Amino acid sequence: MLSDLVFWGLAVVAVLSGAYVFRVDSMARATYALAVSFVAVGAALLLMRLDYVGLVTVLMMVMEMAVMAVYMVMFMGMNPALMPMSMVHGNRTAVAAAVTVFVVLGGGVLLVDWPARRGVPAPDTVAALGEALMGSKMLVMMAISPVMIATMVAGIALAAPRGRYDRFGDDLRERASDPQPGGVGR
Amino acid sequence: MSLEAVLLVAAALFAVGVYGALSQQVVVMVMMGLELMVNAVVLAAAAMWWFLAPDPTGQVLLLVVIAAMTVEMAMGFAVATLLHRSRGSDMTDMAGDLAG
Amino acid sequence: MGMNEDPLALLPEIFLLAGALAVLLTGSFLPRERQWVARTVAAAALLAATVAAAAALWDAPRAVWDGTFTVDTATGVARLVASLACLLVVGLGVDELAGDPRESETYTLLLLGTAGATVLAGASDLLVLLAGFLLASIPVYGLVGLARTAGAAEAAMKTYLLGALLGITLMLGVTVLYGLAGETTYAALSARLGTAPASASLVGVAAVLGGLMFKAGAVPGHFWVPDAAQGAGGAAAAFLTSVPKVGALVAVYRLVDALPASVDARPLVGVLAVASMTLGNLAAFGQDDPRRLLGWSTVSQVGYLLVPVAVAGRTGLALPSLLLYLACYTVTNLTAFAVTSSLPGRRDLASYRGLAGARPWLAGALVVALLGLVGTPPTAVFAGKVTVTAAAWDGGSPWLAVAVIANTVVSLFYYLRWVAPVFSRGEPVERPAPGGFQPRRWAAASAVAAAAASVLLGLAAGPAWALVSQ
Amino acid sequence: MSAVLWLLVLVPAAAGAVLCTVGRRADRLAPWLSVATASAVLVLAAVAGLATGVPRVEVAFVADGPFGLAVDPLAAVVAPTVGAVTLLVLLFAAGDITADRARFHGLMLLFTAAVMVTVAATSLPTLLVGWEVMGATSYALIGFWWRDDDRVSAGATAFLTTRAADLGLYLAAGAALAGGAGLGLAELPAASPGWRDVVAAGVLVAALGKAAQLPFSFWLSRAMAGPSPVSALLHSAAMVAMGGYLLLRSAPLLAATGWAATTASWVGAITAVLLGAVALAQRDLKQLLAASTSAQLGFVVLAAGTSAVAGGTAHLVAHAATKAVLFLAAGAWLSALGTKQLAGLRGAARQWPVVGVAFGVGALALAGVVPLSLWATKDAVLAGAREQSTALYVVALAGAALSAAYAGKALLVVWRGVGGGPGRRAVEQEWDSEERGSRRVGWLEQAPLVVLAAGAAVLGVLALPPVGDALQRGLGVPAEPSAGPAELALSAVLALVVLAAVARWRAPEPAWALDWLKLEPLTDAVVVRPVLALAESLARFDDHVLDAGVTRVARGGLALGRLAGRTDVAVDAAVAAVAAGTRRLGSLARRPQTGQLHQYYLQTLAVLAAGAVLLLVVT
Amino acid sequence: MLTLIVVLPLVAAAVLATVRVSDAAARWAWLAVTLAELAAVVGVWLAYESPDAGALAFEQQVAWIPGVDSSYHVGVDGLSLPLVALTAVVFVACAIYSLHEQQRPRALAALFLFLQFTCFGLFVAADLLVFFVFFDLSIVAMYFVIAGWGHGERAARSALQFFLYTFLGSLALLLGFIGLYVLAEPHTFDMVRLTAEAPAATAGVQGGLVLAAVLLGLAVKTPTVPFHTWLPPAHTDAPAVGSAVLAGVLLKMGTYGFVRIAMPMLPSAWRAWAWVVLAVGLVSVLYGALVALAQTDLKRMIAYTSVNHMGYVVLAVGAAGLVSRSDAQAREVAVTGAVTQMVSHGLITAALFLLAGVLHRRAGSYDMGSYGGLAGPAPRFAGLFAVGAFASLGLPAFSGFIAEFQVFAGSVAATAWAAPALLGILVTAALFLRAMQQLLTGPTRGASEGFTDLGRTETTAIGSMLLLSLLVGVVPRPLLGVIEPAARSVVDAVAR
């Protein structure tokens, strides 16, 4: 029952650090707490022999949280050490809603007569995943790729204050002019 | 470790996420609440895979969820930046011109 | 496996995606004032997609890619409508977008969003549905924010956050349904959910519907619609109130129709339909901004569109009437948005005073659009509304038919609030608009063309019906 | 022969329509055209009346009711009478009416056509056509001098009163259809019993209205505002008489029901008495004559009620000639002296002896003096009444006595000399009080008087044995009780005694009867004013609801509320409430759209949860 | 042939709307088209032979939406042919009357031709959806007539009210149509088949609800009390020709719906609800007449008499539903009277509204109190007005008598409860006499002074309609002969 113990440990870490996200008074710390929560869940995934996905989760989330921290400092000018904050509204409603959600979902989890397990995991889960991705669920991944493109295009279009015409002139023939040095074409 | 146990943990994570999404004023913090909810979904999906249907589909589902989380977060940052730049604030409360 | 991985079955989507990439690439190298090249590429891609979709309409319905995608009449019509609608959006946005630094990006996002809508429409696997949801949503967030105004930013923020939340409920629902059925294809859901615990299945279905309601812009995922319609640019507003709905509604229909009898989502769809139409109509009552009014009006229109879904499988009229209404609604709604895009400076109803005298054709288009949205014959929506109502009654839900008619009555009032100043005589407007009525040419032309199409579609409802019910 | 029937109707109708349409341009030609037409009508009527058998034409008209004309023996008597009186009156009018002649003669000819239709009608729709057009033309003729408001409203009163009674004919038509008898006049008594009563009631009411019987009599008083030729034709020989005529024609129907005949008899008898008293009380010659018309028609109605058809017919014809001459004489004086007040007509008969004599003959006939016409015809009617009941006979006899009294009164006024001095001045003061008198009576006016007076004198033969029996046989009615010598003598003596008494002592003028038993004010108070008040209040209600509705629409209320609220008088508040409620709903619907994202989140989750619960509950 | 009649005005309207011709050319083109239409309709009438019960003459059918069995199906029978003819006549009169129209005559001509297209289309339609399409289009067109050429500040508002109210009614109608469609097996919108099958006969409650929806829609359009309140303001603020068409033709769409749709397609429900219809008719007759009596505005008064006159129609069709209490003959008379009344009211009221329009042209007021003695300066006006008034109050020799006599005879024969409606013609008589007295007689005063008499075009326009009314009144057989077979089949259908 080692796995049980480990799971519960991870569970406690995940939930507590998740809750901690909204208790700390700086965004950077919140980010770290969130990352911890994700890592815990990723580890729990490993317990369920989701080796690849668990790893991906951990890696992605750590990276993402790093990005988030950088983002906050760079773009929003928030020094995590200097910016204590408590920007909360409707706290009691939110608590009540959260509790309700937990009770309802938890009650559902316990009351539902879950069906029996269908089949057993493939011996090599990663290989099975690969086969599925290249086989029956290929279309899913094919559809995700344009999503990535769309994200890049849309994200840059929204976030970047200056586009290529600002930097290279309307006919794209000028030298790049950026207020701060760096960037493509410079 | 049982299905119910894992799902309960997921429910707890989801509830925390809901709290965050509802209570936070700053867009990025709301996003963190959403991330926690996705986190819960990831955990629940894993539990479904392991305890109910150890089928490759479940793993694909997990990948899609993670991918979705990633792209949503990326868009979130972009939108937050846009909001901050155009309105000088990143609080959802301050962006309430469009109503009624 | 592999037997039915038929790329040709996805030809319209391929055209759209390839077009998106081509637009993006060409756009990167075009001078600002010459982005019409990118526009041409986009239009060509859309035309190609349209032709491909039309050609595929007469193929036998089949499931491809291991049953994760279905190519049938519904998909075909959705592709056709979405592509043509996007083409129209490109047309009505020419004046607004030409020379804009983000013009090429806008076209890229439009094409990607259209592709997302068609993927949604054809998805017969929850994972593909999820991917389609993302592909349809992300470009919309971008499109809303591209107008670069404070309002656009706010609208983008709200659209995004609401989409993210409902995307999560969608994922949650997919997870639950996957757990219960052990698979995610609709065929598997249909076969296996019958023996799974119904309560959990229903909760899962409700969660999935939540996500789709966001894309459709129906209650409870409607909050962003009026904001986005008001805050976004003209082309973007036109796009996001029409194209994504096409995919979302067909997707809802497919899902509801696929579920076994023990997991009957129709009551919920019916309730959401009535809630949407009623809320949309009542909230549109006091609006003064034409765009916001149209935003609310689309909420109510989605309510009507959900009616045939609520009787899915109960009557042979359900799917054809849904598709017909979708086509009719899309063209009519785009007409109205095209008119507002042609007169971007006029942001309250009173400023349309005297339009009929100054610009009779544009006024005519607006009247066709507004009366069409009411459901006045012979515009297209009339045929749609009649068949939808008949489907509701025939499907054993006369109360839905009554709700449709009653709401039409309510809607009449606010549409007329807009028509009335257009035709009122007396003093011409000098107040808000500099230089009187100087409509943007492309948008006005698009409006007139769309209005003509709306009337023609109404008159040719017979062939259209034959098309959607084959 | 059928062509004659058609021509009988179409000739005057066409001539009248042409005159009315062409208008003033035809003024000079109009009298001659109209006299010629009237002559033609008389000839046609005589030809049709003298024809062997019953000339009959019929064409399909409205559903189940053909347009049928026939000159049966009854019509064969009445139609020529009407034709003759018409011709004479139009001749008089050619001299008397000097302005707007085309319109006048046109309307008179239209009227004549309508009367001919009425006389010859064989079905209810046909009858109604003639009946209603008569009413309408009488309106136009009474209000002929349209610049005077009170004349026009007099016409309106006449038309509306008679039309109110006419509703009976519409009702009768429905009942006849329901009773299975069809719409033919002759078949009406065959209707099934219940419906037959309705038919009879309808016919009775319609006829009483036209005949100016109680309680409708007052319209005849107002009708005197019209030109005198109009009074002479419409209110003696033609229109009013048509009421009596219809009842004579419907006598079998009335008899079939029983009660209707009795009612008719009593209404006739009582009218004869009460309107006799009214006549006695009048100080205006035309009013006196009008009231006497009602009273005399009472005898005809009485005859119809007692199935004394031949007697009634004779009385009708004789009365037509008598009253025409009286009205025309009154009209001649009115045109000449400008007054019809008895006070101004003192000695008028002496001024124009021809007029005076004619008037005298007429008045004596009216009084029932032997051997003039009404003496005999009235007794034929009285004989029928006596057969029925003694009470009826006594009442009718009282009516006869009264007619002697008022006839005597009029006669004495116009013939008694005034001498000179103050008396004369008092009389002359009355002249020109109503219009400018011309002080002359032309030959065109005098000639018809002579003919009519002759008729008034001799037409009594219709009720006396040789001719009377022939009339009865011709009419095909069962032998009627005829007046015995005793009765004839009694009435003759009665008339003379009354006349003598009136000559010796002045005629009593019962004040209560002066303004026609106050029938018009009564109708005004009981019917007209309540209806107008009701109309006003309904209109206010309508406007109120309407205005409220309009305002609501303007404010954003919607038609739904108005629809829901429009059901009865007490709905106004409800309407407002519904409209306000909808407006509130509109703003309520916008309230969730707060602009605050976290509230959107909460609502979204709540709706989704509720949706899931709904699904769980439903399944 | 019918299609040609229907489409020609539409084509002409499109041409006039797009080609910039001169005002005079537009007016004459309008008249020419309406005259051509009239000639064509006369041709149809002459070639017409009563079809078998339940069938149509000059039938044409082209699939429209075959999926829901809706087709462009047209044809005429004894119910529709008289109304088609009425439409042709009224529109010719309007075109003549407008020969001197100065206010945007080209647009007016185009709009009226379009309106004529919708009216023709509605009366020949043999498919519920096609019927509805024309029903709604007529509302839209009339809205623009009132809003665009109406007078007074309130024109826009009255137009809006008219539109809202009648459109609402049309939606109820649509609901009913869909109910009919669903109840029919196999589903169809085809009127001929619906009439033949009477699908709702066995549907019990649903049949009743369908009838309720249809009745509501028709009652608003007719209009009956209490749904009439849109009518007076719409008329008051509409231009004369608009009022003439609105009262003369458009109101008939409601009553036509009773005999064409509600009665033959929903016979059992109709029989069950006949008393309600009868009562509504009775109330409309009396209420309309009484309220009209209290009006001081000529146009409002005529508008309320329309409520009264349409009430007779409703009364008659209600009485025709009392199958168990009366024989078929009486009911047939009632229905014949009802259809005749539609034609008659169309002619007479259109003429009266044009006369009212003359008042407004000359002196800008409809207030009867501000006129007096018009017979002096304007004898032609006075004469035509008097003729119109007497025709309207049901004087024999005019069409109104033919109609009302049959309505009364048939209804009273069906039930004595219809008898109080007789009072309606008395009140109508009173109010018209009053109006004549105020306007035409008495000393010439107020706005009457210097009043120009009717011009030639006005006289022709108004006189022709009154002459027709006279013709129908004197020689009713050609009309009744067309109506009666159709009325018989309606009565038979109700008795199924």
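The letters A, B, C, D and E name the chains in turn, as written, and every chain counts its residues from 1.
Note that a residue touches a chain if its C-beta (ideal position, glycine included) is under 8 Å from a C-beta of that chain, and two chains touch if they have at least 3 such contacts.
The structure presented is a predicted model; accordingly, all values stated were derived computationally and were not measured.
Undergrad: What are the mutual neighbours of chain D and chain E in this structure?
TA: A chain counts here if it touches both chain D and chain E, which gives C.
Undergrad: Determine the chain that sits nearest the middle of the structure, using the mean of its CA atoms as its centre.
TA: E
Undergrad: Most contacts: which chain pair?
TA: Result of the pairwise contact count: A-B comes out on top.
Undergrad: Compute the centre of every chain as the mean of its C-alpha atoms, then state which one is farthest from the centre of chain C.
TA: When every chain centre is compared against chain C, the largest gap points to D.
Undergrad: Looking at C-alpha means, what's the farthest chain from chain E?
TA: Result for the farthest chain: A.
Undergrad: With chain centres taken as the means of their Cα atoms, state the distance from chain B to chain D in Å.
TA: About 94 Å separates the centre of chain B from that of chain D.
Undergrad: If you average the Cα atoms of chain B and of chain C to get two centres, how far apart are those centres in Å?
TA: Computed value for the inter-centroid distance: 26 Å.
Undergrad: Determine the centre-to-centre distance between chain A and chain B, using the mean Cα coordinates as centres, and give it in whole Å.
TA: Each chain reduced to its C-alpha mean, chain A and chain B end up 7 Å apart.
Undergrad: For chain C and chain D, what's the span in angstrom between their mean Cα positions?
TA: Taking the average C-alpha coordinate of chain C and of chain D, the gap between them is 75 Å.
Undergrad: Mind pulling the chain B residues that touch 2 or more other chains?
TA: In chain B, 14, 18, 21-23, 30, 47, 52-53, 55, 57, 60, 64, 67, 71, 75, 78-80, 82, 85, 92-93, 95-98, 100 touch at least two other chains.
Undergrad: By residue number and range, which residues of chain C touch two or more other chains?
TA: Touching at least two other chains: 127, 130-131, 134, 138, 141-142, 145, 156-158, 161, 165, 179-180, 182, 199, 203, 226, 283, 286, 409, 412-413.
Undergrad: Considering chain E alone, which of its residues make contact with at least two other chains?
TA: In chain E, the residues touching two or more other chains are 160, 164, 168.
Undergrad: What's the complete list of touching chain pairs for this entry?
TA: Inter-chain contacts occur between A-B, A-C, A-D, B-C, B-D, C-D, C-E, D-E.
Undergrad: Going by the contact rule set out above, which residues of chain D touch chain A in the complex?
TA: 598-599, 602, 605, 609
Undergrad: Within the complex, which stretch of chain D touches chain B?
TA: Interface residues on the chain D side: 590, 593-598, 601-602, 605.
Undergrad: Going by the contact rule set out above, which residues of chain D touch chain C in the complex?
TA: Per the stated touch rule, the residues are 556, 558-560, 582-583, 585-590, 592-593, 597, 600-601, 603-608, 611-612, 614-616, 618-619.
Undergrad: In their complex, what parts of chain E are in touch with chain D?
TA: Counting only chain E, the residues touching chain D are 157, 160-161, 164-165, 168, 226-227, 229, 232-233, 287, 290-291, 293-295, 326-327, 329-330, 332-333, 336-337, 373, 375-376, 379, 383, 386, 390, 394-397, 401-402, 405-406, 408-414, 416, 418-419, 422-423, 425-427, 429-430, 433-434, 436-437, 440-443, 476-477, 480, 484.
Undergrad: Enumerate the contact residues on chain A facing chain B in the complex.
TA: The contact residues of chain A facing chain B are 3-4, 7-8, 11, 14-15, 18-19, 21-22, 27, 30-31, 34, 37-38, 41, 44-45, 47-50, 52-54, 56-57, 60, 64, 67-68, 71-72, 75-76, 85, 87-91, 93-95, 97-99, 101-102, 105-106, 109-110, 114-115, 117-122, 125, 128-129, 131-133, 136-137, 140-141, 144, 147-148, 151, 154-156, 158-159, 161.
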